[in-house]
């Protein structure tokens, strides 16, 4: 299980290669039945390794150059947050270790690289204590080092401060670090601009910077563009990376898709098409990004679309194109003549897909609780959330909502 | 690989049990990279059996009582239609056989039944010759008999005449037959009403009748309702079955979702949520349907939602509920308070999900080529479709479309 | 003020002429500031005769062949319903008389016909007493006879029973009667089909039958088609008439646009374009209707569009076309080249106009109180509605609505 | 016809009074049949003075403090542009003079002020010659001075340069000048920011500055906010004014609603409700604007809504409220209980009105010809536009459009 010869990501990026990432494990495996929405933790690596491996294999086949170990939210503190039993049952060490082994197995089936991953911690939200937070990352890093991952991804950080701590911690282990925030053009949750965030991350040691999750492809590309400008202005340079949502979210506020009323169980109408993924890949490339993948909502066929769009630049189609003639030309074999008539690029590139939902609006209004930068409500806990707490939150939510919705008025005589 | 003790579907239905079917293999495996859109044939059973088996396992875990062999469109004539190489490379016999073995293996992991499946043939469209069409089914049946399937599903028929031939052919092998048309309330493509279709199918020997594919859940339930009325009026009875699309398609015409401009590569905004699946399960149950599953677009989590909705009637939740607290209550463990506030049924049941696509309309206009009941253009062929043919079809399509869209006018002086 | 030489509407219809009606007075004058939404009564004929006359003149100029006296809801019982002071201040007689004089004055400016009008009464809803109801119509008819109107329109009836009483009462005065219900394809509020309604109206003596108000143009045309079929089946014949809403209302239930949440102060996004009016005129003509006009929402320019669409059949454009080159060709004179590029029929005929409202849905759910056919709540009264009553109604409405909308749940521990 | 005692607008604004303007004459009179869309010139003042006067009277009744003479686009060069015959038939002098007399007559019915108006000229687009442009304004000013208007409005300028010339010309006549550009937050068509525009206008002598037309209420308010900031930064001050479109246009580009595909004959679904007008009035007031009115699309009832929203600040409701109980309370008198249930503010304030058009999208893509700042295509001419020219423009438009829409592909064998 030694690193493959193609393992050095920096060499490859320095050589101008386009690196394709993978898609979103938590969302895909939630739909397949192996991850629970809510905690979103990856104990499936221990419980259902074959299911995780199958998904990894699909991303590999779709064109991913990187098998990212499925270690999202697998810090010890998250695995025991709010009644989560994963830490107690399996332990973070075992979950992270199993993830690395799955990633390596599949990577070796196709000469891909293996990346370890860390992300934001409940400890940061609750304590803002650098020492405690870094300790969480350190415990995970030991496993990644044992498993000789090819490089590290620090991702899904809403606060650049915590991301900087993560990068510093990871760099102590002498690995290449790609650092991704889950922010949009407005910057992190304390108001640090994307440009300044990028500067801080590079100064902390990250060789690759960018964004992942929380926003749709166009918004993420725009954010990376702002990061690039910030770096240039500061006289710095770094490789750029982008792994957006596989959902259309133009109506997001600063906190991203978490705040949309559809999160996480009603996002279906927002799922991107393969043609949206084509456009994303081209736009990211044109913006100078060379590490291009996806996050929540990106299924294997979306990654395949990225790989097909960039086939010329990369010199080859992905293995999965065996079952996908580009731009709909598989429809040459369809039995209905009017469907065969759709077997060309112009058709799909210009399609404006309908939702079939005339009682739904195109955009929705994000939750606006305004507690992002350190409210008491954000503190995490080991104990289970109680029904009482949920009732209180639901009532609070209704109250906020009533500002924009119907309530029973109490009119007084003469009021008209 | 003998039938399980729970194998007799008629006994179970007669006892009032609710049987849950599986979801859509071709669409799910297309997105995973193992089926080609266009031909939609299941040679993956031979080429990528592990990928097929994984999906079957997910449906089992989600609550499916039936493992339907992945033999959709696996008649010999379809496997060599319009340049398809699957027949030549693998042969229909091997593809069907592998599908049966996968289905039985997974069924045995969970005490489920195995169903074989046949569907409409290119031979019918091209020849309308009963002998030739039945010969296609007969070849498949030999494999199903060898594999001792528990019962047969004849499904996805647009013409009741062909479906009746299929039922008659299958009944010669002394098996229970569930017969499903892919029609809507307007009836089959020759204008036979759903009620009359049901009567013909039952008279031909089908013990279970219903519809699958082509229309969304509400439309399919309405169609089955019409079938039920037809049977009652004729003094017949049968068990009812429904396996609709996992897409919202209120704008469909008589021919179903094939005609929507979004078919097959732009259907994402129409994907149903798990809550739509809940509603579907309840509505189907209330309409008297007791075999309830899904077709194209139904992913494992949709089947799980069906099983959760009917948990009380069935006496148990599916295995997959281990990772899914009903009605969003997994969000008790979410880190953000405003997301925890969504952890209750009222929230999700009333959500009207936005598309995030303000430049797209809610509904679209189906293709209306009007060639459904026997045009020359519908004839199938063994040879590949040529570019010239596609160009001609695309031009024809543009012409039809121009009736509803902008073209450059040629005005003459004085015309205003 | 004698009838003009063109006054006999039956002669004109019998000669195959297309008669163009006028548009909607109450809605247009409400927006101009002279009618109050709620009571919708026409005391403006006495209070602001110039404003009423100006609107009539605009309809005349737009092509209307009929000046319908603005006597909508001007029965004595309505003029004093729920605190309305119009009866007390002006009296029904004066309001109806002033309306007739305005109509005749304007008609004489352009050789048009004058029609009197009666519509449904609160007395019917409250008493269902034929004698009392006919007495209301009789009082109005005396004024119409005094003013020598050219024919009568009995319109806006939700219950065919009351409409039949109206026709019988009017025929006693020896006038031509056009009878219009405000129903859709589902029939009147007691479930009488459009076909049966038409038969009853013709049998009662109406020479012209059709529908007005409550539904959009396509729905109204469909309803008249059903009326025509009913008449043919009964071996009867009559001239057909249609005066629909100037709003798009495909989401209406049986009771029409009154039930839409947007009624009456949020209907703007539903207003039809002039091109919708063109299509309406053509479709109505093709359905065999020869008396074509509009109701609420139809402004002068919509009537002009009807007249322009049928200019060839009628042999002339309306006077108002002086200021309107057909199909947008006035844009020949626009300063911007890209706007001049829109100066042709294909452009406007194919435009799908956007709402500019991405947070609104395309369709909405009508109120469904289910009290249409005689609930106590429908009883009318002379006294003002009190705040208390409104509060009670609003609470009832919220309750109905909560079925489809969010409420605060009360969860119990262990409920998840 | 002497000025009224309330005539000094500056005194009134300096005293903190809220001044309400009128609505859109060209659009309202186009729908009533007296103005031609395309040239949009006001010869109706001579041809149909009663119709113009009636509309003015409605605005007065709705609460307008200013009767703006209907002299939009009434410069001599516009009245003979592209085949317009108004100059030849009537002459600019007569049209402007008739407009002033109508305005004064109606103003005197209600103690309102009279404003003259000038706007951008074809001469500017064609020559950019200050002398020639000012000569056009000078000819109009002579009429306004003869008629003793109370103050002048220079409005609807896309280029601040021309607006500055206008202000300078007007100030030579020793009148108070309100200067309005038809720009959005991106600034004028040469890229001058709103802040800089405001500074230039005040430096040229304007006492009141703001924007009118081209954008919806929220966009116009945002633009005036930017103007205010610009003035403050420059140490200048002026009274602020806003008269936006009565259409929702969030999808506009820099050039405003002219570029929307719906302009001018398909804007109906974008029409604002009275509740949108309420919100506009409040938002404008809160932004510090004290001269608040409307432009194209603002009908009398929209102005009434502005006056009702600001009734408390102004100390009185408009005369027109006689027929309008605020916030829908006229529905107390409605016959249907579920409509009476809507008789309160919360209902209407929270309504999200549906379009009834599920085949239309919420937003559309503006024309993007990119010729705004001086292309040859923008040059105006006295002669009529020919069919040939329109054909050429339509072809050009199709070409631009094909970038985003379907065309017939020419595929070559092997291309798939």
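As written, the chain order gives the labels A, B, C and D, with residue 1 at the start of each chain.
Please note the rule applied: contacts are C-beta pairs under 8 Å (C-beta built on N, C-alpha and C of every residue); 3 or more make two chains touch, one makes a residue touch a chain.
Only a predicted model underlies this, so the values are computations on that prediction, with no experimental measurement involved.
Steps from subunit B to subunit C, minimised over paths through touching chains, total 1.
In this entry, subunit A maps onto subunit D through a rotation of 180 degrees when their C-alpha atoms are superposed, rounded to the nearest 5.
Between the Cα centres of subunit A and subunit D there is a gap of 46 Å. Centre-to-centre separation of subunit C and subunit D, using mean CA positions: 32 Å. Centroids of subunit A and subunit C (each the mean of its C-alpha atoms) stand 55 Å apart. In subunit A, 251, 325, 329, 332, 343-344, 347, 352, 358-364, 390, 394, 405-409, 411, 415-416 are the positions where the chain touches two or more neighbouring chains simultaneously.
On subunit D, the positions that touch subunit A within their shared complex are 325-326, 329, 332, 343-347, 350, 352, 358, 361-363, 404-409, 411, 415-416.
Subunit B makes touch with subunit A in their complex at residues 30-39, 50-51, 54, 57-58, 61-62, 81-84, 122, 125, 216, 247-251, 258-275, 299-301, 304, 320, 323-325, 328-344, 347-348, 351-364, 367, 369, 371, 377-378, 380, 384-385, 389-390, 393-394, 396-397. Contacts from subunit A toward subunit C in the complex involve residues 251, 358-365, 386-388, 390-391, 394-395, 398, 401, 405-416.
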